[in-house]
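The next part holds the structures, each set out as structure tokens.
Next come two complexes built around subunit A: one with subunit B, the other with subunit C.
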Partner chain A sequence: MQISALGRYIIKRLLLLIPVLLGVSLLSFSLIKLAPGSAVTYMLGDQASEAMVRALERQLNLDQPFFTQYFSWLANALQGEFGMSFVTQIPITELIAQRLAVTLELSVIAIVITLLIAIPLGVAAATKQNRLPDHTVRFIAVAGVSIPDFWSGIILIFLLGVQFQWVAPGGYTPISEGLLPHLRSVILPACILAFINLALITRMLRASMLDVLSQNFIQAGRSFGIAERELVWRDALKNAFIPTLTVIGLTIGIMLSGAVMLETVFSLPGLGKLLVDAVFQRDIPVLQAVLTLIGCFYVLVNLFIDVGYSMLDPRIRF
Partner chain B sequence: MAHMTTPDPALTTDKFGTLDDESRPEHTGFLAGALRRFRRNTLAMVGLLLVILLIGTAIFAPMLTTHDPNAIAIADRLTGPSATYWFGTDNLGRDIFSRVIVSARVTVTVGFGMVTLAMVVGLPLGAVAGLYGGSWIDEVIMRSCDVFIAFPTVILAIAIMGAVGTQPIDIGPFTIGNVAKVIVVGGIVLAPRFARVVRSSVLKERPMDYVEAARSVGASDKFVLVHEILPNSIVPIVIQASYYFATAVLTEAALSFLGIGVQPPQPSWGQMLSQSQAYIFGGDWWFSVFPGLAIFFAMVGFNLLGDGLRDALDPRGAR
Partner chain C sequence: MTVAPLTPPQPLLEVSNLCVDFPSEGHTVFAVDDVSFTLAQGEITGLVGESGSGKSVTSMAILRLIQPPGKIRSGKLRFEGQDLLTLDDDAMRRVRGGGIAMISQNPANSLNPVMTVGDQLTRVIRLHLGLSRQEAYEEALRGLRQVEIHSPERRMVQYPHELSGGMCQRVMIAMAMAPKPRLIIADEPTTALDVTVQKQIIHLLDQLRQRHGVGVIFVSHDIAVVSQIADKVLVLYAGRAMEQGLVNQVLTAPRHPYTRALLASMPYLGASKLRQRVPVIPGHVPNPTAAIKGCIFAPRCAHRIDACTAERPVMVPVGNQGAVACLRAEELAEAPSRLTGVRI
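Entry: the complex of A and B
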């Protein structure tokens, strides 16, 4: 009975996913319609010759009705084919593949740093209420969501990159040129991303730890004489982690927006920088592709979280 | 998230000893109690003070500046903070203090515009979806909102502004200027998120007895929604509006930082930060520090205000 209900829930969520994903692709595609005047003159500028305009129009299928354009674009996109970048004439899929690694690496380092700090800090804040760890969590919770990442990026480049020269003051050094120079070029933006994440995760972990610690099974464990340390770190933490999973969807959003701003500030060749470059170069095909990918990724992650959450906690049904 | 545990008196007796006055029955009205809780919350008061300071600066900006914010003085370029130039000067010798002050106005205008637009669009959408919760109307509205919510706010705003461009658009006799464009884009990005909050708030009120009572005496859907449900679901909406102000400030700053938001000659904090970026390598720290601090304090203000409103208006939901 339980399994079939869960199965039905998953199937329902998957079916509801289709219209949303279609909507995401349609919204991303319609960016080309938002360009003032004709997209082609917007991209090429006023100086473009008649022949160039015609050629680009043909390349982008702009001589067709809107929905014909959309469906042929969608059919290609489903096969992983987003066309050519209008500026570099490199296939967009190839561009994205090149850039994805940097953004992924930044995110992975940031998540590792976040968890290394968030777990002990969240636990300490919950067990030592109204003392230093608790105040630290409250401070991070406000500071993390209020300090613009592009500002802290500039200030930290000044302090740690220019004054102390501990890290690279921007620019990307690939790992092939040595591990240390490579780390010096990515560690600072990763730490800034981690700090923003900490704001969300420690607060959530603290709240759900407090919730779990007040429950009967912990009290019962205490009365059986189980060591407090074991109760907190093994039994309570395991249970407190489930609600914390729900904010991971928000974390992914932070990572993506953070990547856009921080890759720009630190000149790192990631997906976010690709998006910003496409904006500056008026490269609408690249804009469409990157936006579609970000949207679909975000929707899928949230689906996995909801489904995973309802599997871990059978009381939850949406 | 809420764990359904029935407190077992044998195990949780200490809980009954720690009842604070928050959980005692209140003899005053809801608003009076909320106001009392808000006033007692230091952080909330700090938030309110910062927001008042920001709005005050925006209103009285022309009286507060010490220099013409756009006056170029090449001889004084990149000088540090001094008695003449409190926050120092930028790469063109313009007074950073005056530019920070003047930018408060565009920040408040854009923030207010974005949140208002998000409300005007999002409130009716969310209210109708909530009222007909579970029906096809609800599905159509909410799935459309999901499409917009599928993108992080800043990224969607960047992409749309990137496609629309920063040039003013002429529609018939009207010219849509740059600031208006930023407001419209931000409002469109925020509206679906707002709709979702309104919907869940309405859904929570719909099964209540007082709604049933109004229905049973023949009140129309519209009457029930406007006169019964919305006044009672206003609390989460107000709280969310405060947080969205912070989001709006950040979105504008990010767009202007990237050069696709507020355009010169109108200065803005994000724009100043992006101009300052190249000068950090020469050690001219004040150029970056002060505009960033302004964004930071505005964000802290709205975030603390939001937290304070949540704690004061919704004491059970607060953690």
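Entry: the complex of A and C
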């Protein structure tokens, strides 16, 4: 019965995805129209004659009214057809398929690194309040918030990539050319990406651990002779992870924007790089497709988080 | 033929001269100051006092669970002859839950909200009795039946938020009893519950005492509840022992002015006038610090003389098993008291 309630909830959330995505696509569509410069001038160069511009605009359907353009785009998009890139003339679905894996890999590695560091550090900071681990967390938090990711990216490329040559200073080596060279090309941006959210998640976990550890059932557990380690790592952590999960969901969004920056700095062929290139080249169909995809991704991640919630916390039922 | 021991049988718990300090800005609060009492097997002692009297701190100290910066400054805690204060951490952990179990004030948040009742019960059972998963499950069911929980199989897979407060308290009692402890500390076990459930829980504790011979320390601010269940009572005020003795003696013939005032301030049904005012003790409970000389109750005491603020009264034995810490106890006992005892 609970499963079917959960199933109903998921279906409801998926249906809610429709208006969200309509909003996302409409917003990105109109923002692009409002931005100065057009794909046509980019493609033809600024010496092109008025007649050539008109001709190309007609060919690309850019001479149609705004909503006509939008709805014809939408109708195609619903069939999974995002059209061709203005610039490269490669089908966008194909472009995205190539790039998505890189960004997903980067994000997944970054999340794993974040959690591997944030959980022990957050727990240590809460159990050894105002001692070394706690101060470390505070330092990382301040550093993580104040150092811009492109700056730490460049410094780390210089140090680890150029000076010590531990990792690739940039560029992407696909996994087909060996696991180690591949990891060397993604590990540094993944670490920087992890670092951005590390502070936030660690601080959140520390705060909720402190809250849970002061609750009655922890003291009651001690009075039943349950070992401190079990109380901290099993009882308290599971409770404290519930609010932290929300923050993790939110940081996925930050992570995507971080990926845009870092893929540019490290010249990785990911979605972020595709997006930035598309912006510079006024490659409108690519922009629209990527923005919609990111919106979709963000909403789906938050749906997963909410479902994860109900698994961790029996008090939450839909 | 065995020779009968000359000494009386060893008490289950012996608390002697227990002192617990909590340092706070600039001064130290003596939360428990020189408290002594003993508890025999199968006996129920009530710890009575207002908030801040040190009753909860005393019970936490017995389990050595005083949270830093608070600490047990001095005193002795002997449980079944074993000195608890010199035990190492592992041995002390086996005593917690295994030898001495605690039932705390708020049953609803004494259980982990994200673990099933069954998981929490079997964890404690396995920890102390070393049973297999299956055996522990059976034992947990038996425990739940013993505290009169219906359809225990269903309760095992439920989470604490799916149970009522009274039901949670029964689960806590089952969890406390399952590892077969010899002493139960019940810290205000009925305060958060309504009166009918209160009665059931008290009845249950009494039954368990009779059936298994466990000793119980029953901590409560409610003298009426204590009078229903306890054999002996210890009255605490601002961390110090005021009076102790058999419950009937203390409640019908209180020796200490504080005990009398406390009993007199109890409302009761059937008062002669409907709007009769309940007498109150003037003033408020002081923060017990080093600065206080003499009797700590003296500033609020109606029978205070100069000597009371100069010298700290010691516990003097009175009557059968009783003791009182008041300079004027004897003198006041002879004078007919204005204050009447409690009607039980």
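One rule holds in what follows: the second predicted complex is superposed on the first by the 257 of 318 C-alpha atoms of A that agree within 3 Å, B and C clash if a C-alpha of one lies under 4 Å from a C-alpha of the other, contacts with A are read in each partner's own complex, and residues count from 1 in each chain.
Please note the rule applied: a contact is a pair of C-beta atoms (placed from the backbone, for glycine too) under 8 Å apart; a residue touches a chain by one contact, two chains touch by 3 or more.
Predicted, not measured: the structure shown is a model, and the values here were computed from it.
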item: Three-chain arrangement built on subunit A, subunit B and subunit C clash or fit; value: fit
item: Which of subunit B and subunit C A:Val102 touches, first, second, both or neither; value: neither
item: First (subunit B), second (subunit C), both or neither touched by A:Gln215; value: both
item: Touching partner for A:Ile192 - first (subunit B), second (subunit C), both, neither; value: neither
item: Spatial angle subunit C-subunit A-subunit B, Cα centroids [nearest 10 degrees]; value: 80
item: Partner chain in contact with A:Leu268 - subunit B first, subunit C second, else both or neither; value: neither
item: Contact breadth on subunit A, by residue count: subunit C or subunit B; value: B
item: Subunit B versus subunit C as contact partner of A:Ala125, first or second or both or neither; value: neither
item: First, second, both or neither for A:Ile226, with subunit B first and subunit C second; value: second
item: Which superposed partner A:Asp235 touches (first subunit B, second subunit C, both, neither); value: second
item: Partner chain(s) touched by A:Ile248 [first = subunit B, second = subunit C, both, neither]; value: neither
item: Partner chain in contact with A:Leu160 - subunit B first, subunit C second, else both or neither; value: neither
item: Gap in Å between nearest CA atoms once subunit C and subunit B share a frame through chain A; value: 5
item: Touching both subunit B and subunit C, residues of subunit A; value: 215-216, 219-220, 223, 315
item: Residue ranges of subunit C touching subunit A (in the complex, touch as defined); value: 63, 65, 93-98, 101-102, 104-106, 109-116, 123-124, 127-128, 159, 161, 172, 175-176
item: Contact footprint of subunit A on subunit B as seen in their complex; value: 1, 3-5, 8, 11-12, 15, 43, 143-144, 146-148, 150-156, 158-165, 167, 169, 246, 250, 253-254, 257-260, 273, 276-277, 280-281, 283, 285, 288-289, 292, 295-296, 299-300, 303-304, 307, 319
item: Partner subunit C, residues of subunit A touching it in the complex; value: 215-217, 219-227, 235, 238-239, 242, 312-315
item: Residue ranges of subunit A in contact with subunit B within the complex; value: 16, 19-20, 23-24, 26-28, 31-32, 34-36, 42, 142-143, 145-148, 150-152, 154-155, 157-158, 162-163, 169, 207-208, 210-212, 214-216, 219-220, 223, 243, 246, 253-254, 256-257, 260-261, 264-265, 275-276, 278-280, 282, 284, 287, 290-291, 294-296, 298-299, 315
